[in-house]
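Every chain is named by a letter (A, B, C, D and E) in the order it is written, and numbering of its residues begins at 1.
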């Protein structure tokens, strides 16, 4: 039997940096599963649709996949906006949706058929604030890109800051395609009380802001979001990336993990296979799709080709190691990850290393 | 606002402005010889950056840039020869739409060649955090490179168009092609030449700005829109005006940061542009007389 | 100088010129007269290669130029003053003239162009006054002079003029015709197309009469002037008589 | 009918129309002549509203019209033709003339979109009237031919028909005979007289003296923007100044 | 001429019905989803077609009007007013029947504007903006006009991305269905909604709106005003001299095409139950322009056919990640080989007199 799985990724367009690795990872993984004999003898068929990051296309594709291709589940979309638009469709048609987008809104409030694999933004924010607390930082500036990712990041940071006694003195949203942010940096720098800057965005702006801050000779601690988790961005920021602190899954530091870490084996294998296949470094984004396929794999193993049973099976998954962390779902928690899925990393000599505190 | 901050904004504005201007110049060249706006100009910028980055593995930086510029000029010539040269009697609208098509095509090709990841050339001098300080104003050396390249190109081109026969002939082609033919000018070669020239300038721009702005397969579109804006704001066809307009727009953008949320920066800048256009329908420095005589 | 044999040409499927044969000898003024839409403009365009010929032969200075591009024809010394003036509207008068010197500049260098420029300014003093003005803002007559000046800038061996007197004041028309005569005196060859048949035949050596794409009459200008058919059709004698 | 009082137009430093005053009486044909660049077309553009005068008053049927938009002037009953024929690409001769009926009809966007009976009726009437005009100018056989592909003389006729479609009180003609041969010119001159008989006043710019002298009641001579003479055709032909600068000695 | 216009409309109606019947019989009703969406985009494209092809005014900002329609109606029908319930304005609106109460998927109480009120507001706003924007913008010509409209599109895009009310980068989701006619007796309700159960109704609704829109535009171009538009396209000066109030005419068509776009935005947003910023992006505007060009500038039928079919294919994702590339290739191909639009390819092979007309001198 062939089990059909749909996928909606932004392989092109503004969110291609997410959708590209996700689509590649999903394809690679499904191939691997099929090569290994499929799931209980059934083969998986992955139908990937490129939404280009447009919600209207995602909606059209979701309907198409559900009705026409009669897929068991949908992986993706890559962005929060798209995910929110098809959340209802998946719910109405009782098709499992495992989103690869960050926004917490996707699984909170919980819709019974909708899951997501990336760590919650709130965890990232908490991790950052914890680190700040350790460093005694109380007054910060928040700058984000005008993407869905940036938007939810800003919301979470603003929501959680008071819990850690942190005050946000300035908040700014810049264009995702910004080519230079030195004016913004000048503005922030002129607010002398600022003790740290948190940047929550995606390529290429997160490297640009790092450069611009350092170029003005401003020596504030710079925090970034988990979107920074790609060695390519460090290379792009070069010298300016040194000392950036950010929360991230363990993928980037896989080989430094302890042998008994449940994620280690899988991460090392994924990174190796991805690198070999696509000749580029694996990133946290691909990991989201990895987890989505992996979770489905586990659920189908238990439940077979049945939408409702698969849903139940996902909710029952406990302690499943994945790329982003160890998943334990429940009817109330459709993300399944804990705060512990993040570690704080920093950049040292152009490499990611665990942040030890200074 | 402190004096320091003022200068820091000013310099940020100059940085943006020269980047916009350098793209706008490319628009003006093709406009001057064909009367059309080549919407694929942004892609030339992208190609210049991408090609030089790829070549950097095999050769030193200056050589990589030169080869990339030449390669992009070749692409420019190819675009013209494949899509434009053999058209019997193209209308302006047809040309605009073809160049939009070419721009999308080049972008998609780049996506499938280079992928969606960002790349950049290394800083020509120093590295990411090197700066010169003038008082407490910090300037990245690469910005100076951009400004210098921009100034150099503008002066060179203005002189070229104003004073050299070839420049005059290129302008003639755009004003009245039949008459240019009747003067014995090989109009087709002129057009090809202008595509090469603007592709080369675009590529050059792509190289000098790559360390600052990074290069990605779709970075051309945004730059093209800004460049187009600036070219129009200055008055089409006038490169000196484009630089002035570019600097103006850049500085408006930079200073707008200090008063309104950054998220509205573009909206503010473009609103100002529109207001200027309504008051001066042919750009800040454009002559309405010349524009009226040119039929679209 | 120019020799055309059995020429056919047209636009798409529309055949405008049918089996045209004519010749222009060095030092002559030859005029072609004919009603509107007879195909005179088309004929000139075919000669300079703006319109492709379908059949027949065009020889300019003993060389066949049927397959040549317009640029090549112009470069070989055959200049056209186009119908409707076609000046470079948004460029200055001087620039227009300099552009006309494109061919000359290639063959004889910049000094020759400047000399020629002065010569044209002497020929058309109005243009000197307005050298900085944009050509498109000139009045009709000024533009016509500019178009002629521009064509003459290349020091062509053969000048073809398409209705140069259209829209010009009587005095200027006379000027234009005397300029044409002067050109001939200086050894130029002129192929002139005119609505004003009387004036044209008055200065021409020979003339052709064209009707719906065919040459129906030809001969020395004086002969045509007294030809009854020509008088009736183009000179309005009948009415006057 | 039309009265110009001390009208000036400057282009930068160039005084293209300098203190020109004259009036056109109802039912007459008045011609404006003058060397090239004298400012005749500019004068027309001032009257028809294409350019605002720098100074001066233009009265049309007793009301000042300077600075009005061309379409407003047209709606008051002034029609014009252009020195370089301006017909509409992609429209048949009939349609071109129907555009001329614009001010004579009312159907707007809404009734046009809904194709109301009123709009349909009006459309029919316009078509009828335009056809009549084409007949008047004897070009009805080209009604369905694309106007820009017609022969030159026919294009002129279409343009004239379009101008007449406005039901004008005053008609401005800018070199209607340019590029026409002697017969076509005679034809045009006949037409102009016919138009005058319909009660339309005509103001004419022309270089063809046979036409001007034959049909006009009065002639104004412009030179370098200034009016240098205004008189009957016979007297103008004798005026030494005019002969010197414009007509030239007759052979 | 008139007859053939009516016939073409009847053919289109027949085709629409036939498609629905066929899909029902073959059990492939899912095609109707994308056909419905494509019909709404078709509405934008034909509106733009009249503006560009007939009046000759390019607009690279039409996605902006689509977004105004979509976003206003989405924001008004999703923004919860419960907290403001007691303010005088809201209670006044509530008395006027402008509000609607319902529950969201999680069971929370929502008080929002009713879709029809939102729709009217959106359309009026779009018309007003088009009017006040059109007055200065349409004075510009050629590339300057292109720039100004592009600028307008960019401003809308930026505002949408920067305004929390419009959901910033995520856009707005959970937009309710738009009930046009409540259920009467055993008749199902007529509402704009993406619900699978209402698909056939929505299909007919969308195509009904499109066909009516098409008829109105076809009437318009054949009318007195349409003739005036075509004349000003060719020569503004001559049109003015013929008494055509050119700037007024231009502004009005601009308003009409903006309303078309906004209406499409409103309806599609309700159908999709959401809208995102990509609908306002410049690329979208460029796509509309390109669809008009591929269809043929002065060929409303061509524009319609191309607009519908290319959008349909793209929405079905048939070109995968080559969607833009294929689109660009079609665009270039058509412009190179058949600049008068894809439907005139036939004419290319058998040149008619009309097509030869543009003279060689009119190069550029």
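By definition in this document, contacts are C-beta pairs under 8 Å (C-beta built on N, C-alpha and C of every residue); 3 or more make two chains touch, one makes a residue touch a chain.
Everything numeric here is computed off the predicted structure, so don't read it as measured data.
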Chain hops separating chain D from chain A, counting only touching neighbours: 2
Labels of chains that are neighbours to chain C and to chain E: B, D
From chain D, the most remote chain by mean C-alpha position: A
Rounded Å distance, chain A centre to chain E centre (Cα mean): 35
Whole-Å separation of chain centres (CA-atom averages), chain D against chain E: 42
Centroid spacing, where centroids are CA-atom means, of chain A and chain C in whole angstrom: 74
Set of chain D residues in contact with two or more other chains: none
Overlap residues in chain C, where contacts from two or more other chains coincide: 50, 82, 86, 137
For chain B, residues that touch 2 or more chains besides their own: 108, 178, 261, 263, 266, 291
List of chain B residues in touch with chain E within their complex: 31, 34-37, 83, 87-94, 96-98, 100-105, 107-109, 174, 177-178, 221, 225, 228-229, 232, 236, 261, 263-264, 266-267, 270-271, 273-274, 277-278, 281-283, 291, 296
In the complex with chain E, residue positions of chain D that touch it: 48-50, 69-71, 74-75, 79-80, 82, 86-91, 95-96, 98-100, 102-103, 105, 107-109, 111-115, 119, 122-123, 126, 146, 148-149, 162-163, 165-166
Of chain A, residues touching chain B in the complex: 12, 14, 16-17, 20, 146, 172-175, 177, 179-180, 182-184, 186-187, 189-190, 203-204, 207-208, 210-211, 214-217, 232-233, 236-240, 280
Contact footprint of chain E on chain A as seen in their complex: 11-13, 48-50, 52-57, 59-61, 63-64, 67-68, 79-82, 84-85, 87-89, 91-93, 103, 109, 111, 146-152, 173
Of chain E, residues touching chain B in the complex: 58, 136-137, 139-144, 146-148, 150-152, 154-155, 158-159, 161-162, 282-283, 286, 289-290, 293, 297, 322, 324-325, 327-329, 331-332, 335-336, 339, 358, 360-364
